[in-house]
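Below, chain A partners chain B and then partners chain C, in two separate complexes.
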Partner chain A sequence: MDERKPPLGLILLALPLLAFLLAPVLITIPISFSADPYLSFPPSGWSLRWYRAAFTGGAVLDVFATSVALGLVVTALSLLIALPAAMALVRLRWGWVSAIESFLTAPLLLPAIVLGLAILIVFAPLGLLATFPGLVAAHLVVTLPYALRILSTALAGAPLAAEEAAATLGASPLRVFWRVTLPAIRPGLAAAAALCFLVSFDEVVISLFLTGPRLSTLPVWMFHHVENEADPLVAAVSVLLIALTLVIVLVVDRTAGLSRTFVK
Partner chain B sequence: MTAALAVAPTTPRGGSPVRPAAGPALLAAIVAVNLLGFVVPVLNLLRLSFLKVEATGTLRETFDLSSWQAILTDGFYAGLLVDSVRTCALITGLTLVLSYPIALLIHRCRGTIRTLLLVLVVTPLLTSAVVRTYGWVALLYDQGLVNGMLMALGLSAPLRLMFNTVGVVIGLTEILMPYMILSLLAGFGRLDPRYEEAAMTLGASPWRTFLRVVLPLTLPGIALGCLLTFVLALSSFITPKLLGGGRVFLLATEIYDQAMVTLNWPLAAALSMVILAMFGLALVLYGRLVRRIG
Partner chain C sequence: MTATDAPGHLAIRGLTKRYGGFTAVDGLDLDVARGELLAFLGPSGCGKTTSLRMVAGLVPASGGRIVVGGRDLTDVPTHRRDMGLVFQSYALFPHLSVARNVAFGLEMRGIGRAEREARVREAIALVRLTGKEEHRPAQLSGGQQQRVALARALVIRPQILLLDEPLSNLDAKLRDEMRIEIREIQQRLGITAIFVTHDQVEALTMCDKVAVMNGGRLEQLGPPLDLYERPATPFVASFVGRINQFRARAAGGIVGLGEARITGAGPAEGPVEVMIRPHRIALRPASAPVEDAEGRLNTVAGTVARTTFAGDVLHYEVAVGDAMIGVEEATRSDAGPVAPGTPVRLSWRPDDTLLFAAVARDGRMRP
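Now for the complex of A and B:
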């Protein structure tokens, strides 16, 4: 019944718009192979010099390592903190579950520029500026709501009957959780982990307030670099980031489904 | 999400591994992060907007209205506010017009093509705003792709497409399109191609069918998408900063400059409260609109 093809006019209208949407992402690919010392399009020659520069220049590798470590720590903590919370919200049918949930996902409603400033002012006197723990704490504020949402959805869809059966047959609550609940929500866990990592890895506005010369992240370094000189080095780094993003999009699609995660 | 909770089984919790008494313990960590990283900082920001900053940069703990006075009486801030709202409204309108056909196409497609189109929409969404803004720099600067093509077509001098409002509008429109597309898609549930076919069979022109059948059915999605886009445009910082080159003054860039360059935290805090108030206003307008649409 749904086999009707979209009208040709719509396809012809939408294709150039899709090209517009993808243009800034796509143009970084040819530029990253430029042989020119500055940004030019089309490049006068092709080379891998900017990829070499990205991998041999100390600055990029340093901030990349910081961002990866930060992303991994934030992802692990997000799952550890959000999973018990999601269990409580989904499995205990309290009357005010939706109120608690709105409260816990409220940080997503706040503009990052406001949240970043607010966190900066509180963290400054605590000596948390330009420190790894400070960045972890700030990123958790924005990754936890995502983790909570995805894990709650996954838990709500997990079969309660199986848990009840296991408990009736004498399994301890921990064993039920480990052997029945956890395997049932594995796709949700993968999607939550992928998204938390990406949100942390890409986070730039809040991090801008909390980083300094001592400690910076990859997106913050890129921001300052583009601000000063938009050379092809950023393009090479961008292409690597886009590839990483694509992998994560595919992970989310394979595990939780793109439509279900992004089209509510 | 609420839908997912609503379909959760409502049988009593016989063997659920969660005991009610454990609830507070399970929620303790996430509530702590929320309080320390969100509630306390935001309340503190409100308090700070009523403090005074000395010429030396130190804060004085007195009740002081000078930041709010500056915002309400200084013509620069009134202009900033009007400019921000006008620019963001323009961006919202453009984003809607450019996103609608893509959303409609995705809504009509099934299977592999639908997944492919969704990947094409979601990948930019998940790509760092810095990367995408850099892409726009490469497209829009004087020797960039767009000017290169225009010059090849006979234009004598490059158009100034960045370090001005034009660049910010182009860049932000593209950056916000995925949000609009996904909001529209979420609101397209009621749209069934059979309605259109019925209208066309009864003799309506395609344009009339669109105006009288498709558009009214998709109004809820349009309202949601416009709210989200406007709010995100108002709070975006990276793109206005990089494509505006310090020559385009919007609320978000001003907050950053006051906080990190001028080091006037009370004024930055007060401007943050203005953004939040405008968010609230946009939400109220949206609520009214949705009630009218039904």
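Now for the complex of A and C:
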């Protein structure tokens, strides 16, 4: 890693930009400690009541549990689907590989709102609206392209000669994969898992079409809550979410190296 | 295929690899006897590595058979071929220690812990890496990594040991050491081995036999001495060792070279390629007395065009008629270099003159 100090001009340019990007996020922190019954800045008094409300109010915990479960299932399925796909794309060197790859990453290029509407139209007759499987399927559309991209990059960098060496030493293709390929792409797997989870956990637009009173996700619940109540509870939940996201990113950075896995 | 069809421990019959319209290996036929070290020698792109990878099963053959110990392995997948392969890039498992790298093949074979540990220890001692068992590959030098790769390939006691340019990534001094070390280990274990290289010194010094390849074909297969002294083709003559090459015309077994007439082994009539090794030519000033009173040597007159002192040897370029002949002489303390412009006499034994029928660029014989 290059340890050179960036030039002063760059710092002067970056600091306001960073402040501009982070200011709206940071403002949720003081609001979350507000004693007021409504969203206002600056708060007229300080308290932890909204954190208490977040942990004791049944609704928040319910949608949080849904979002976590959804994120975990979507992440696991994304990796299970994207890993063999990436293997095929990287290793088989078919002539139409780039066409397949474009097809699989196309959902990223579509406006999420259009995607959400389309999924709504398809899912309605199938009875998948406001169901867990429906949400999983919809989120997979968005997470798979990320997983595929990251895993393809990781696999392209995996040492082919070491895999061949393992084969000459008597390892069947499956054992070569477990013993040599998988350890080599572990950073990529960690990055893909973290990104899939965060993308799913954070998804609002498509989920808006697929959630209902029976089943909702945390971001969708927050969206509706602000519309209806506008109390600082959402600020407290936001701060908790920022903390959770930071923890995930930190874990990836410590175990796999953030720049190594994302920037390639 | 029966054992009688396959006299060698390893028998390769008509082995061919085509990529679309391009033929990388074209009908390779050869045998390697048990315990023999055979080199695949040739320039890059000659098909030597592709041939080795077909033997290992890493590249499917387009045609031909590979038979080891009477068993046809052509359609057997790599992991059931029982061959040890040492890669140019070492190809160690970066996430495993030296000991675990070496143990890998034994684990795949389901060999019990006690025997595994004993054999790993033995293999690591064989390549003189005792004490490095718990190191990761990244902590080792290139030479040490290549020795781990060698131990990893040998510990499974493979039928055939395959070495794919194993010394190319090492510096010159280490390369010399490893050359001797690999040869010693190979002979001590009596293991049949193929060594792919583009370096003629490696092929000549290490191997029992050398298969010179060019353009996907086998040019010549033989012991190093045969290759050097009796090359079958101009390609072999020029690829193995350095050699003078020029075109001339033969008539009645006599070749005209400038004013002189020389003789050699090869076609008696027509256009010929004349090839002579620089160090087989003696260079004397024209004023020196003629030592070859019986006229048994080929002798031509010329003028020194360039003299280069290289410590052990002197390189001369001598103009003889239209041709420029390179001469190499060991330096001597009692005679200095012959200066450019000096008229000289070159002489060599007729046996050292290699004559080949001149071949046109498209590979056909000239009319």
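The working rule: the second predicted complex is superposed on the first by the 236 of 264 C-alpha atoms of A that agree within 3 Å, B and C clash if a C-alpha of one lies under 4 Å from a C-alpha of the other, contacts with A are read in each partner's own complex, and residues count from 1 in each chain.
The rule is short, and it goes like this: a contact is a pair of C-beta atoms (placed from the backbone, for glycine too) under 8 Å apart; a residue touches a chain by one contact, two chains touch by 3 or more.
None of the values given here were measured: they were computed from a predicted structure.
**Student:** In the three-chain superposition, say which chain, chain B or chain C, touches more residues of chain A.
**Tutor:** Partner with more touched residues of chain A: B.
**Student:** Should A:L21 be classified as contacting the first partner (chain B), the second (chain C), both, or neither?
**Tutor:** A:L21: touches chain B, not chain C.
**Student:** Which holds for A:G170: it touches chain B only (first), chain C only (second), both, or neither?
**Tutor:** second
**Student:** Output check: A:P111 vs chain B and chain C. Expected answer is one of first, second, both, neither. What do you get?
**Tutor:** first
**Student:** Tell me which partner A:E229 touches in the superposition: chain B (first), chain C (second), both or neither.
**Tutor:** Neither partner.
**Student:** In the superposed arrangement, which partner chain does A:A184 touch: chain B (first), chain C (second), both, or neither?
**Tutor:** second
**Student:** Report for A:F209: first if it touches chain B alone, second if chain C alone, otherwise both or neither.
**Tutor:** A:F209: touches chain B, not chain C.
**Student:** Pick out the shared contact residues on chain A: the ones touching chain B in one complex and chain C in the other.
**Tutor:** Common to the two interfaces on chain A: residues 161, 164-168, 173, 176.
**Student:** Mind pulling up the chain A residues that touch chain B in the complex?
**Tutor:** Within the complex, chain A contacts chain B at residues 2-6, 9-11, 13-14, 17-18, 20-28, 31, 39-42, 80-82, 84-85, 87-94, 97-98, 100-101, 103-104, 106-107, 109-115, 117-122, 137-138, 140-141, 144, 148-149, 152-153, 156-157, 160-161, 163-168, 173-174, 176-177, 181, 198, 202, 204-205, 208-209, 219, 222-223, 226-227, 230, 234-235, 238, 241-242, 245-246, 248-250, 253, 258-259, 262-264.
**Student:** Where on chain C does chain A make contact in their complex?
**Tutor:** Touch residues, chain C against chain A: 56-58, 77-85, 87, 89, 91-95, 104-105, 108-109, 149, 152-153, 156, 162.
**Student:** Show me the residue ranges of chain A that touch chain C in the complex, using the header's touch definition.
**Tutor:** The contact residues of chain A facing chain C are 159, 161-162, 164-173, 175-176, 179-180, 183-184.
**Student:** Within the complex, which stretch of chain B touches chain A?
**Tutor:** The touching residues are 1-5, 7-11, 13-20, 22-23, 25-27, 29-31, 33-34, 36-38, 40-42, 44-45, 48, 98-99, 101-102, 104-105, 108-110, 114-115, 117-139, 141, 143-145, 148, 171, 174, 177-178, 182, 185-186, 193, 206, 231, 234-235, 237-238, 241-242, 252, 255-256, 259-260, 265, 268-269, 272, 275-276, 279.
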